[in-house]
Each structure stands twice: as C-alpha cells, then as structure tokens.
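Labels run A, B, C and D following the written order; every chain starts at residue 1.
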Amino acid sequence: MQLGLIGLGKMGGNMRERIRRAGHTVVGYDRDPALSDVASLKELVGSLAAPRVVWVMVPAGGPTQSTVDELAELLEPGDVVVDGGNSRWTDDEKHAAELATKGIGFVDCGVSGGVWGLQNGYALMYGGSDADIAKVQPIFEALKPEGDFGSVHAGKVGAGHFAKMVHNGIEYAMMQAYAEGWELLEAVDSVENVREIFRSWKEGTVIRSWLLDLAVDALDKDEHLGRLKGFAADSGEGRWTVEAAIDNAVPLPAITASLFARFASRQDDSPQMKMIAALRNEFGGHAVESK
Amino acid sequence: MQLGLIGLGKMGGNMRERIRRAGHTVVGYDRDPALSDVASLKELVGSLAAPRVVWVMVPAGGPTQSTVDELAELLEPGDVVVDGGNSRWTDDEKHAAELATKGIGFVDCGVSGGVWGLQNGYALMYGGSDADIAKVQPIFEALKPEGDFGSVHAGKVGAGHFAKMVHNGIEYAMMQAYAEGWELLEAVDSVENVREIFRSWKEGTVIRSWLLDLAVDALDKDEHLGRLKGFAADSGEGRWTVEAAIDNAVPLPAITASLFARFASRQDDSPQMKMIAALRNEFGGHAVESK
Amino acid sequence: MQLGLIGLGKMGGNMRERIRRAGHTVVGYDRDPALSDVASLKELVGSLAAPRVVWVMVPAGGPTQSTVDELAELLEPGDVVVDGGNSRWTDDEKHAAELATKGIGFVDCGVSGGVWGLQNGYALMYGGSDADIAKVQPIFEALKPEGDFGSVHAGKVGAGHFAKMVHNGIEYAMMQAYAEGWELLEAVDSVENVREIFRSWKEGTVIRSWLLDLAVDALDKDEHLGRLKGFAADSGEGRWTVEAAIDNAVPLPAITASLFARFASRQDDSPQMKMIAALRNEFGGHAVESK
Amino acid sequence: MQLGLIGLGKMGGNMRERIRRAGHTVVGYDRDPALSDVASLKELVGSLAAPRVVWVMVPAGGPTQSTVDELAELLEPGDVVVDGGNSRWTDDEKHAAELATKGIGFVDCGVSGGVWGLQNGYALMYGGSDADIAKVQPIFEALKPEGDFGSVHAGKVGAGHFAKMVHNGIEYAMMQAYAEGWELLEAVDSVENVREIFRSWKEGTVIRSWLLDLAVDALDKDEHLGRLKGFAADSGEGRWTVEAAIDNAVPLPAITASLFARFASRQDDSPQMKMIAALRNEFGGHAVESK
C-alpha cells in the first residue's frame, strides 16, 4: 500500500526504510529537503491515492498540532491520520475531534524500539476505531517485530499513547530497580565481582530481561561506570504517567520514586537539603557544611 | 563427585535430582526418613570420602545454625560446608569462623530458580575462597543453567547470599513496576485491552522480561485477576536488602516502596490512615468514615 | 470599607461575620436566598460604591469561572475581584487576563483556617499587583489572625493560591509523619502508653506543633482510634502540589508518599497487589489468598 | 536528692546545671578531669548514699556498654542505672538483664532538647518498672519543661528510647515536609516572597510548629540559604526507626523518603543514576553527560 510519512529524523527515517523493505510505497516529507521525497505536505497528499493514510512522526506539542491542522485542510473524508509521535494522550482526543469535523479518521500509535527498531521491529500500541485501524493495518504489520507479539489495538483514541506512556513509566522503575541493586552491590566490600553478578543473572533468575542484558553491555564497556556522571534526563512520559496516576487516584510509589531520582540527579545542589541542614543547625547546633 | 545434601524439601529434592542427572553421587539427609538416604548426619558424613563437600539446604536461622554446629563436630579439616539456603548474609561470616576453627571450609551460595530449577537450572551466586569453591565447582556446574550465564563467584564469604538478596530486592521493584503499570491501565476507560497490551510488550519493547511473560501467563488464567486478593507476603530478603542499604547509606526508594506496598497489602485497616482521618476531622471538620 | 462577598457557605458565612466584627460593611450574595443579603450579583454590584472590591468564595472550577465571567460584565474599570476559594493557581492568570480586558483588577487569595477561623483569624496568602492589593488590604487586616503573622503578599497573580497549595502539601506530609510514628509506636508491645507519649511531646520537643495538639485531642476522644476507618480523602491541593513539582522538576518524595497513602487508603482491594500476588504465584508457587 | 551523672559533655553538662538549679546534689564524672567532680566511677559511687541513682550520658554503643559493665561491678542491689544517652532500644533489654543479675535496676530515658534544654527543659521519655522509675522521679521533674507536658513513662524497659527514636523519625519527615515545600516555592517565578510566606504561616495555619519557627529564623539569617550546602547528616535514630518499622511490617514511606534524601545529599555523584544514564545510552542512544 501507499503511506505518507511526515518527519524523517532518526526514528522516521528508519521506519520509512523498514516499511519499504516490506514492499510498501512510502512518500516521505521532512522540513529538511535533503531528507524529503516531496517539497510540501500538499505535494505529499497529492501523490497518494484515496483513501490516504498519513503517518505523522514529528515532535509532540506544537509541531504535531500544526501538522494536524495542515492535514485537516489537505486531506479528504475517508483518509486517516496516524500520530506515531510521543504526543500526550490527552492531545489525541482533540486531534481526533478536529479531524472528525472533516470526515478524516485518526489513530494514535505509541512506538517503541529506538535505535534497534529498523532491525528488530518496532513495538506498536495503537488506539482508534476498528475501521480506521484496518486502513493502517498493513503498515503496522510491516513495522512490528516478527512473531506473535509487538503490536496491540489498545482501545479507543488515546489508548495507544496511554499504553506507550505506561510502558515508559514501567521502564523507569525497572531501570531504577537495577540501578539501586547495582549501587548497593558496589557499596559492599565483600562483594568483589558486581559486573559478573549482573552477567550471571542473564539466565535462570527471576530478573532476567532485555534491560539486564543492556546493563551488562554497559558494564562491559566501563566496569564501574566511572566515565559517566550520575545525571539522567527524563523524556516527559514518566511525568505524564505520574500525572495520569494522580488523575485516577492510583498510587505509583516505585515509578514516582524513579522519576524523582532523575530530578534530583540533575541538581547541582539540593535546595531542600539546604533547608534540612539549616533546620538541623537551628535546633541542635549540628555542624553544617558551608560553601 | 560425591556430595552430601542436607534438606530434601521441594527445593533440595529437585536439586538432588538435577545433580544426579549430571552423573554425581548424592547422599541426601532429611529429618523425614521417607525422603532421606541415610539415618543421620553422622551416617551421611561417614558415607563420603574426604575431602567432603556437604551442602546445607535447610531453613535459615535456627535450623541452619544447628546443622552447621553439628557438622563442625562431624567433619574434618579440608572438608567444605556449603550453605545454599536463604541465610542472611551476616550469618555467613559467623558460620565460616565457627567452621574455620576446625579447619573446615565454608561457601555461601544463593540459589534462584524455584519450581523451574530442576528443568532449567538454578542461578547460583556464591562467596568464599577460591580453594573452597574449587572443591564445589562440579556441583555448581551441574546445578547451573546451560550456557554461559547463571553462576558467579560473587566475592568473599557472604557475597553469595548478599548478591542473591539484592537479586530479590530488584525483583520486588520490578514486580512493583509491572503491577503499578497494570493498575493504571486498568483504571482508564479508553484503554480496553490491558491483557493484550501486556502480551504485545513481549517483543520489541524495552520492558520485555521473564517476569512480563509470567504476568501474561497470569492474565491468561484470570484476565482481571478478579479471583485474587491484593495481598502479598514477603520472604525476608526484601527486608534485608533495605536494611543493608541503610547500613551502607545507599538510598533505595523504589525497592523500599515495593516492600512497604506489601506490608500495607496485609493490613485489614491502616492504623496510620486512621490517624490521618482523625487529624482531618479535628482541624477541618472533614467527614470521616466510622466503623 | 465596603465589601461584596459571593458565597456564604460555612467558610464564607464565618468570614462575613469576622469582617463585620471589624467594622466593615459586607454585602453578601449566595445562591441560597436564606443566606443572601441581595437577590443577585447585579444587585450586589449596584449596592457598592466604586472602586468596588468583590470577594469570590465559591467552589473552584466551574462555579468560580462563571462568577468571574459574570463579574466581568457587571464591574467597572478600577474595581477588584478577589478569588478566595480553592482555585488551582493556573486558573488565576486566566481570570486575571479576562478581567484585565475590562480594566478590572484581580487578586488571588489562599485562605486557611477552617472551623477555627472565625475565632482565631484566617491565614491569608495573596498574589497580585501592589495597587490591587492595596484596595483589599483593610479586609485582609480584618480576616487575618491578631499579631505579626498570618498574612503575606506572596507574589504575582497566582502566587497566593500557589502558596496555599504548598501549605497543604506540607500539611499532608506532616500529618503522615505523625501517623507513621503513631502506627509504629502502637505496633510494639513494650510501648504501653502511646497516647501519653504523644501528649508529652507537646513541650520541649522538636516536633511540637498545632497538628500534634490536635492528634492528642483526637486520642483523648478515642485512645486507639478504634472507632475510625483508615480512610482519607484528599482535597485536590495535594495532587496539584505534586503536579506543580513535576512541572518544575522538583522531587517531593515525602509529600507524594503522603498523597499516595491516601489513595491506597480508599481502595477496598489493591489491584497492583493482586498483580504482585499473581506473579509470586507464577514463579514460585507461593500461596496466594483467593477470594 | 543525690544523683551520679556520668558524661559531662555539652548535653550532660547542661543537664547537671539544670538539676542543680532544682536543688539536687549532682556528682558528675567525665573522662576529662577538667569537667569532672570526681576522679573515677568508683569515687562517684562511693560518694552517693544507697539506694543510688546513676545517670549515664555517654555515647551509645561501646562507651555506654563499658560504663554499664563497670557500674554492674560497683553498684549494689537496689541502686538504679538510667541510660539517658542515644542508645538503640534493643540494647536496653541487654543492659537491664545484665544489671538485674546484680539486683540493680535499669531505666532507659530518651532525652530531647538540644541546646535549648538548659533554659526550656528537656523532653523525657522513659521506660522501666514503676519501682525503678519512682527512684528517679525527682530528677525527671527537675529536667522536664515546666507545665503539664514533656515527660512520659512510655512503657517497659526500652520503651523510652523507642519513643525517642520514633520522635526523631517524625522529626525527619516534618523537616522534609517543610524542605520540600520551600524548594517548590523557590522554584516558581511568580512566587516572590518565600521567606515571608514561611513567616506568615506562624499563625492561623495548620502547619504552624516550632520547626517552622526555626525555619523562619534560618531564613532571616540567609534568605535563600545560599551559604549552605545541601548536605545533611543523620544521627542513627532515623535509620533505627526504619529498621524497627521493617521488623514490625509497618510501612513508613514518608519517614523513609526523608532518610534516603539525606543519604543522597551526601553523595558527590550518584552511582545508581550512573546506571540509569548508562541504560538510557544503551537502548536509546540518549546523550549522557560524561566526566
């Protein structure tokens, strides 16, 4: 089938390649002419036969919104827009409603896979009506990993990004779990081979996983991670996960602890711990460290 | 080689079977004569040629202590005792010192594998001197999973149980990560296929793991886990992990949150939340729920 | 001075009384004619001399929004609207901007005091321009507690509600602190007089506070809180505090733990702990509690 | 009455002074001859009439243990030893049992008050038998604050130190509560007067407390705490509180979060966050900060 694909960065470019390898026609558009197959969104839409499927793979927020706005003008009833970017799930209903006024369908799709996706396939979680998803299905088949798993119709519009967001929240806490265990092992003198302990866990244990394999890969490059700073960014989806939990009164202590640990890792000095130091000084004459 | 194996319960019995399949001779002792190969520890020791290796697989605490005490009387210099039970790592140094006064070696070994171990092998983390471990090595080879992973010399005496303890702490937080994500997905109306979302994650995602596979197995038996109570025991090793962290001033927020969630799950009513309710009532006249 | 006061419920009614006792004229409006001094907002506005100060004390969200909308039509340039309700601070800028198009000023004011406010005064945290606040100042003086403390110009529009929100977040964690300590004391056999321990802390300790006094009052009514359920609602401001922290990448582990404890207290059974139980059952054959 | 007081450091010295002001006779001993009233414990014991009360005010652990050992040799049946230091409550039963073999009574007493105690009195929480406590009662009366509060017979031997330990745990979480709120207020641009917000909370709010007063004092010296480092020691009692909670399966999320925040504050770089950075780099090619 034909696909219009908007956004040909690291992620979008690899996806175009994987879809083409599966025998589909991809017309790609990017603001960078060097990457783009067409000169404009208008040309992209014009080059596809109806009913069209256009996959948007641009940054969440403003760029996605303006792309959806433009497509609402260019596309025709019966066409479908797929938002495969990292949009917040609460944006999906707005985009679906905006496009629905023109008779255009909408599917949201959370995509996981990163740099490994071209080769191994991308995990896909999508939300929308059965009819809209049926139009996109061949593309989902091309992108997903081989085998029985890796793609799911998660529910109504928004459910795809919601599921991907929760995936990332779980990822935060799993990473934190390994990281806490690693620090504790490194802290104790009688434990001498932390890297080899991690390696041994790759088989026969309850905690074997792909993330564990990656941890071993990292330790093989730098056994005590001495070349790294303990500094971790967060992508937004961890934050949204906690906010969704708060909206639904669901306690998420481990995932939230993981998010807060990242926040703290980015502070040169902790304002709240200055206040703790100040209070200790006031009531107990405890020594404080001054600058 | 020959091995003396003390404790032939579900775990020890399967281990005996796996070691025998590897061609070794196992003389097993259990308090239950129906399971036991010999009538006493004395007979067990007498039936092995020096230097002997005796593997203790009995409950941590009192039973392990009394077995070590008895072996200290029965064994000879050059023999080695392996504690493969769930002993707290702080007990290992005591046992090693006690046996060392008689010239008997000591190795601690954390064993993971549960009901899957007989078939797939047991993950082994052991601590002790190179010389002592060399005497046990053929048994480790028999027990461990096939392949390059699944066993490790973690460090000095105690390091094996310490590594296994940390493994379990990581396990707590990983389970909590999936559990939090599952609850959040189940809480939102637009997400309609939570079980299928979990299944899809088995390929192509960052969070694929053996625990995830088990979660899918559980959801296949009971899609919304409606037949279970939200009640989780804890085995002791999660507690020890947090205590070890406190001893070493290592922050473990996600693992500790996971432990506390289990504590709370076992309370019919939460005393601390009664106090919260009482305070809200005092200062704000907020309605409280009385019994 | 004259004040228009909209919303004469438990809180607003007491505030009217306190302001009147200070010698000011209050024209109150409430949807309930039995409480109201005037028949409509229009009549309220008409009964005040310009420049008018109108204090809105209605539920956050829709009711506040519609009141602001109506006042935007009725008031004149130079008048000031005070939102003394529990609005989210992010609403304040919107309301200020809406009113500014008509030349009407806006002040947000977080109010603390609950059932004790009429007698002891209300703590006030307000945000807005110096000029707008000057017009309201006599009312602030009437409402605040006697003495040097209890009111503050926190910053720009929104800062008042933000400060009140943070006050409530701190309150959550302080209550949780006492509640955790109380539960731990009650759990240990050798500690026999928990209520008297709490009472003793009222003098000479680092943790003496008004909340502690209230805890003692509660324990005097019901020594072990046996008549209460461990069930705690949350008012929204704790949630907003955590969301504001996430927006600003500030770690709030204790406040968030307090919020999550309340969420958990309201669950009959914990979905996430069902998943933990299910996983334990899958990998270890651990006994689970079924319904 | 007469009191033997061992340990005349900052705390013990002030306590001696307060007890003397109440009209009692204090014979003090300290390793430092410049502080000491007598040359040895033997001389101290010899200078008191039976039944003696000897108050031990030396560092927990070894120093307290050796003092108890020595007193067990020097005192007579009917005498009472008070441990007023910061001993772990689990040591109290051991000390009581050791002294009981000689017919010597034992009382443990947690003391709060710090640098303010000489003037305002010390909060006292004590454990032991009614008979032993009766012998010490006049000293308790001399030390405690004036008024109805500030001292309590908490329960059996150990309950005094346990109650003091929990007091400190609560203190950790209360300090953390204010510290988190302060950091959040400082993080937001529209909030301009954080110090004045804290000051305003001293009256009329739910969160007024002595710790809040100290926070204001600290901010008056250094408005944004710019001269302090965000570095906080911990005294041991916070750790013991969490360990006691684990022993009793009581969830303490806020107190534990407060303890872990202190641990993290003392790390130049966070090992666990290095692992998070390493994992992000492995799976996503995320940029990491290298040294």
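The definition used in the following text is that a residue touches a chain if its C-beta (ideal position, glycine included) is under 8 Å from a C-beta of that chain, and two chains touch if they have at least 3 such contacts.
Predicted model only: the values in this text are computed from it and were never measured.
Comparing chain pairs A-D and C-D, the larger number of C-beta contacts belongs to C-D. Distance from chain A peaks, on a Cα-centroid basis, for D. A separation of 36 Å divides the Cα centre of chain A from that of chain C. Taking each chain's centre as the mean of its C-alpha atoms, chain A lies 47 Å from chain D.
Remark: chain C and chain D have CA centroids separated by 33 Å (rounded to whole angstrom). The residues of chain D that reach two or more other chains are 114, 176, 178, 180, 183, 187, 206, 211, 250-253, 257, 260-261, 264, 272, 283, listed in rising order.
Of all residues in chain D, only 10, 114-116, 175-176, 178-180, 182-183, 186-187, 211, 214-215, 217-219, 222, 225-233, 253, 261-262, 264-265, 267, 269-291 touch chain A in the complex they form. The touching residues of chain D, counted against chain C in their complex, run 112-114, 117, 120-125, 127, 144-159, 162-163, 166-174, 176-178, 180-181, 183-185, 187-188, 190-193, 196-197, 199-212, 241, 244-245, 248, 250-255, 257-258, 260-261. Interface of chain D with chain B (complex): residues 206, 239, 242-243, 246, 249-253, 256-257, 259-261, 263-264, 266, 272, 283.
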